[in-house]
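The two complexes that follow have chain A in common; it is paired with chain B in the first and with chain C in the second.
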Partner chain A sequence: MADRLSPPVFPSYGVGIGWRPEIGGFVEGLPGLRFAEVVAESVHAHGELPPGLQILLDRGVTVVPHGVRLSLGGAEPVDPDRVEHFAAVAERLHAPLVSEHIAFVRAGGVEAGHLLPLPRTREAVDAVVANVRRVQGSLSVPIALEPIAALFDWPDEELTEAQFISEILEKSGALLLLDIANVYANARNRGTDPLDLLDNLPLDRVAYVHVAGGAEHQGLYHDTHTDEVPQPVLDLVTELCNRHRPPALMLERDGDYPPAATLAAELDAIAKASGYPAVT
Partner chain B sequence: MNDTWGISGPTFLTWFIAAGVAIAIIAAFHRRSLFRGDRGARVDNLGPQQVAYLNGGDRLAIYASMGGLRAANALGTGPGRTLVQTGPLPGGVTPLDSAIYNAAARGVRTRDLPNDQWVASALEQLRDNLERNGLAVGAGQMREARLWVIGGLALVVVGIARILAGIDNNKPVLFMVFATIGAFVLTLTLLRSRRYATDSAMKSMRDLRYKHNYLAPSNSPSYATYGATGAAMGVALYGGAALYSMDPAFAAEAEVQRIAATGGATGSSGGSDGGSSSSCSSSSSCGGGSSCGGGGGCGG
Partner chain C sequence: MTTPSESGPADRGPVDPAVAPGLAARQAALVDALTAGSPMPEGIDPFKFEAARVALLRKRAGEVARQWPMLAAAFGDRWKHEFATWAATRPTQGSLRDGWDMARSLAARNALPAAAAVELAEREAAWHYNGTEPPRSRRTPALHSTAGATTLQLAGRVWVLRRP
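Presenting the complex of A and B:
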């Protein structure tokens, strides 16, 4: 277990992007890129890597595997086969860290096909921590946990969001993958101040940050990852970096990909908001 | 018991098959020297339409141009599966782009594009340029390679004559029928196998395909991101199927065929010559010779 008082220090990677096969050619063409993320479940642990990813690795770009199917928040223990694959992918990519969500995707053998939020209770904290420790047992690098955007809260919650996250990090020794667009979405949908959450999170434990776009639909803001990053999210990036600038911030785009120039402009906007150099 | 034409069945069959194999092998070597191309020829500075021509001839060059025009919102389909203009002609286009764009104004169908005089002349220009640079196999070289079809045809004629004479002479002709079918398949293969790229161009093309692997349909590439040039290059390297992955409705309406590029998306080292590789596997005659030891005369 990692020492909670001294989170590992990563070099500054600057602005990165989520590598997706659909835009692999665009990612490959970013001259200043030093950080990318790939969905762990999309990589073969032992076979050949997609040429685009291999090219990034050969160039010395840090590629972090991002799990979406471990179901760390499930009541049952994480599936050892999935954990083994996750760890093998991390080795394969020579990743300095890995990441997963604080969520559950299956329960009682039924797949939800979605990241589902946990009730913010002490019991849930213990369940997540137990699973994180199981995963850490197979990993040789730190894991960063990402709280998800939730469109609803469970009744009878004991902890605030900041307390919930902080407790999980403290008890597991894990790092934080902060999704700034989720912070914005949750605050906006609950009518709270996103800065309150930023002020109450252990920002020194942030390994890297997701920045994504969203859209409003029937009065609720959805963290779609298929729309442009709105200005308020970029403003939050600036607020975050003013408090404690994380080693890396990356654009997370998962569909409805725009022209290359638009994607490049989004990356530049993140660079500007965070004060990191442009990678385009 | 007198042999047909004074030659015993097994002897005739053996010589017949030997002639077929000889034609296949010599034609293969001939092709190899005809299609060698310039050793130093490179394809990485070529445009998508040139790459498309090398991969799949006129038709793929047309598809690549259509892919680029479509991605630039300049081309669509109208009633009766005709092509129509849907926007202004983008800047920096090739003569083939302009020709297809103008043909679309007249409501030409995709399959009639090669007959359009402006399209045909743009294609000719494209071809000439590639041939001059030792990248494309010229029409003259292709004609020369196809001379071996005459040998194949002669074999088929002799085979048929022998079968008829054998039947007339009350001899079994089954193996001779197989051998003649084999000769026919060989002839057809020699006639139909078409090469666009020289060997040196094909070698260089493999590197290009690796470099542009992100355009492979298996990646479901985002053509909105890669733009018109990316779309055209995707079609050039991965065939008509790339147009389907990019814009299925347009590709279907325009009756684009899912032709694969000759080099294959997997980048297989692809038999440099169709004639020799298929002649033995396709014609049952190759193995048939050995079964003739059984006395009873099998070659008619």
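Presenting the complex of A and C:
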């Protein structure tokens, strides 16, 4: 898989959403939905699926497992038990791909409780690539990697963000899960131009896109997933799709769930910004 | 909780020689600084690092509130602050155990709000939790009293015998 020359071609799924039990009823009721994502660690590898998720699968909705605890960017080799679970969930959902983060979540046996940024060094590239290869060895489908929103950066970085991401993708053969809200958050907090990053990423490797909301506290933009999607993020969706429209774009909401009408309006806004049909 | 003296190289797990030791040591120092109150790694913007540390504690507070709704509700608007204060030097053991450990430490100093007592007593009766390993279902009947609440568990069912 690491030697793959060109990215696999996925059908156009259009606008999707992150499935969470709290909004399962809403997601189930979306007539045009063809794409959803579920947190891999929340799914039993062999037991019954949550009812709402099973209904989506029965309807032919593509459901992609999204890992959050593998710690692919850890200097330590990825835990084989976690990899086995991740791969089993992918099989369980008949997923055409899986995704995880370019980040680490634990070190020295201590859990951080969140996705932490890697120093953009060649050493870190090698650590991620080694772990991605370990995971790919257990998977029968491609993996897409998501660059995270980082509130702080490490000192002494050797690579730009675009170089760092591109090298990891090139060396591992992985696809890109581009979180456009993370692109926005990082650019805003670093004082850089988000379009500059878009212009320097291999957009033909984007498997799908995350869209989420956030909020500013004390001058820093936090990628909260509990606030509404701001207009500049939707504008970036349009900029991205003008360059290379990805097969799917999905809303990520992880708490403080708004009324169904508000969620539907956010999905419609993503559809409008991307040019895909509404799924509501 | 991990202190620097407890987390020497022997505890750091297998390290890939191709990437050791620089990245492993840097990552471990960062996690310790974020979760255990050890000094921030040099060269990182202190304001941004502190924002990340606080955001992490608030995220953990939200996760614990989902596992321990009565505990969180008992503190009302002060919940995130109370939890963040308690958790500032305690790396997460998962939200179930974090809330459990906090509730126990509050109960031990008679500071567990009455509204949260039944929630803790129910879980103490239903599960065996030694504070260091994941909780396990009790296989035998159990009677438990904590912070003025008394619960009885028989064959997996829990009755509240007394409320504070």
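What we mean here is this: the second predicted complex is superposed on the first by the 276 of 280 C-alpha atoms of A that agree within 3 Å, B and C clash if a C-alpha of one lies under 4 Å from a C-alpha of the other, contacts with A are read in each partner's own complex, and residues count from 1 in each chain.
Basically, contacts are C-beta pairs under 8 Å (C-beta built on N, C-alpha and C of every residue); 3 or more make two chains touch, one makes a residue touch a chain.
Quantities reported herein were computed from a predicted structural model and do not represent experimental measurements.
Student: Between chain B and chain C, whom does A:Trp154 touch in the aligned arrangement: first, second, both, or neither?
Tutor: After superposing on A, A:Trp154 lies in contact with chain C but is clear of chain B.
Student: Chain B or chain C: which reaches more residues on chain A?
Tutor: C
Student: Is A:Ile23 touching the first partner chain B, the second partner chain C, both, or neither of them?
Tutor: Touch partner of A:Ile23: chain B, not chain C.
Student: Report for A:Leu220: first if it touches chain B alone, second if chain C alone, otherwise both or neither.
Tutor: The second partner, chain C, only.
Student: Looking at the overlay, does A:Pro119 come into contact with chain B only (first), chain C only (second), both, or neither?
Tutor: A:Pro119: touches chain C, not chain B.
Student: A:Glu76 contacts which: chain B (first), chain C (second), both, neither?
Tutor: Second partner only, chain C.
Student: Figure out whether A:Val110 sits in contact with chain B (first) or chain C (second), or with both, or with neither.
Tutor: So A:Val110 only meets chain C here.
Student: Should A:Pro8 be classified as contacting the first partner (chain B), the second (chain C), both, or neither?
Tutor: In the superposed model, A:Pro8 contacts neither chain B nor chain C.
Student: Looking at A:Gly275 after the superposition, I want to know if it touches chain B, chain C, both of them or none. Which is it: first, second, both, neither?
Tutor: neither
Student: Which parts of chain A are touched by chain B and by chain C alike?
Tutor: Dual-contact residues (chain A): none.
Student: Mind listing the chain B positions that touch chain A in their complex?
Tutor: Those residues of chain B that touch chain A are 210, 212-215, 218-222, 224-227, 230.
Student: Contact residues on chain A for chain B in the complex?
Tutor: 21-26, 28, 50-52, 257-260, 263
Student: Could you list, by residue number, the parts of chain C that touch chain A in their complex?
Tutor: 2, 7, 11-16, 18-20, 22-24, 26-28, 30-32, 34-36, 41-45, 48-49, 51-52, 55-56, 59-60, 62, 91-94
Student: Mind listing the chain A positions that touch chain C in their complex?
Tutor: Touch residues, chain A against chain C: 74-77, 104, 106-114, 116, 119, 121, 123-124, 126-127, 130, 151-156, 189, 217-218, 220, 222, 255.
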